[in-house]
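Okay, so chain A shows up in both of these, paired with chain B first and chain C after.
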Partner chain A sequence: MKFGILVNEGPYQHQASDSAYLFAKAALAKGHEIFRVFFYHDGVNNASRLTVPPADDRHIVNRWAALADEHKLDMVVCIAAAQRRGMMDDNESKRQGKDADNIHPSFRISGLGQLVEAGIQCDRLVVFGD
Partner chain B sequence: MLHIVNKSPTERNSVESCLAHAKKGSKVLLIEDAVYAATKGGAAEARVRSAMADVTIYALQPDLAARGMADRVIDGVNLVDYGGFVDLVAEQANCQSWL
Partner chain C sequence: MSEEMDMEEGGTIKKFMFVNRKAPYGTIYALESLEVVLISAAFEQDVSLAFVDDGVYQLMKGINTDGIEMKSFAKTYRALEGYDIEKLYVDRESMEARGISEDDLIVDVQVVSAAEMADLMNEQDVVLSF
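Coming up: the complex of A and B.
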């Protein structure tokens, strides 16, 4: 079965990202396909490559990235939600005249159309948020 | 239809809203802080027990265990792990998160 996952909350503050990750991992283990993970609202903060949690804590960003790299997951960050929160990739950083970028390379920036497409293409869209 | 609720009944009314709207035969999965609704002596115990006449209640076992509530689950509540969560989503035609 083809799953889409929507993550609406950031890491460490709410359990949503953890729940979504563990759901995605379990779905892949059962042989299901994850069509896309879409990060919206504060969920865009799950994509910061500068995240440095204490050594004894889970690294939510790297954990998502590792799962995506292993299973070739399409992880999309909403561009408007990201820009509001100072999250940008190299291209956006240059375009906006900023001096830094912070989106992890396992994530890509795109628009809400990608969420709509996931809703259309997937058998199920599972929403995780606050 | 699978309803997914993630907030404690003492924090929000999403458990109550969900149970009030869920049609007979629906399945309700309690995750994150909503697992408190599945506990004996919890604020929603009576409500959940009466709802079990019409809907099937599930609770995410790892979230119960994380809160030290694994041995206080109301009789008749079905426990699932994340794999069971995936199965519930796959088996129902659609799912709704009560955020």
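Coming up: the complex of A and C.
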């Protein structure tokens, strides 16, 4: 089955991202396809490359990145939600005249159309949120 | 919408339902839900909106956000018709529990029972819950 995943909550504050990650891992292990993981609302904070959790805790951002790199997952951060929360990649940072960027390279920034497209293309779109 | 429109899909039309469960201004869910709704309309999908629990407050007449320094987006619900989004369903029990009647709402809606809402959800291809 072809799955799309929507993550609507930030890391650590809420379990949504953990549950989405575990779901994605389990689905891939069963041979299913993950068409796209889309990060929306505070979920965009899952893409910060500056995240530093305590050493004995799970690293939610790096864990997503490792799964994505292993399975060539398309992980998309909503640009509108990211902008209003101070999340930007190198290109966007330059465009906005900012002096830093913070999006992990395993994620990419794009529009909400990518979420709607996932809804159209996938057999199931699974929402993880509050 | 600030983001660029993504390419259109090859004629696939799916039934999308957006389930709005949160009050309009305590959190950003309602506003960011509307942003996806408008994008999905641009993709010419079969879109419906459901309002349940505190989500029914999103459609209240006479909302004034001056005192909380937030932009009111109530008029966006009135504009949905222009995007061919005319299927708005409101959960009867949620309205009654909050002392709200249809006359209190800024747009024409269909008031449905929980059982009817369940049937409507069951008919959908994609259900996004915010």
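Throughout what follows, the second predicted complex is superposed on the first by the 130 of 130 C-alpha atoms of A that agree within 3 Å, B and C clash if a C-alpha of one lies under 4 Å from a C-alpha of the other, contacts with A are read in each partner's own complex, and residues count from 1 in each chain.
Everything that follows uses one rule, which is that a residue touches a chain if its C-beta (ideal position, glycine included) is under 8 Å from a C-beta of that chain, and two chains touch if they have at least 3 such contacts.
This one's a predicted model, so the numbers in the text were calculated from it and none came from an experiment.
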Chain B versus chain C as contact partner of A:N8, first or second or both or neither: both
Which superposed partner A:H32 touches (first chain B, second chain C, both, neither): first
First, second, both or neither for A:V52, with chain B first and chain C second: neither
Chain B versus chain C as contact partner of A:G113, first or second or both or neither: second
First, second, both or neither for A:A100, with chain B first and chain C second: neither
Partner chain(s) touched by A:I79 [first = chain B, second = chain C, both, neither]: second
Partner chain(s) touched by A:H41 [first = chain B, second = chain C, both, neither]: second
Chain B/chain C common contact set on chain A: 8, 127, 129-130
Complex contacts: residues of chain B adjacent to chain A: 4, 6, 31-33, 62-63, 81-83, 85-87, 89-90, 94-95, 97, 99
Chain C to chain A touching residues, read off their complex: 1-7, 9, 12, 14, 16, 28-29, 32, 35-36, 39-40, 42-43, 45, 125-130
Chain A residues within the chain B interface of the complex: 1, 3, 8, 15-16, 19, 22-23, 25-27, 29-30, 32, 123-124, 126-130
Of all residues in chain A, those that touch chain C in their complex: 6, 8, 40-41, 79-81, 83, 110-117, 119-121, 125, 127, 129-130
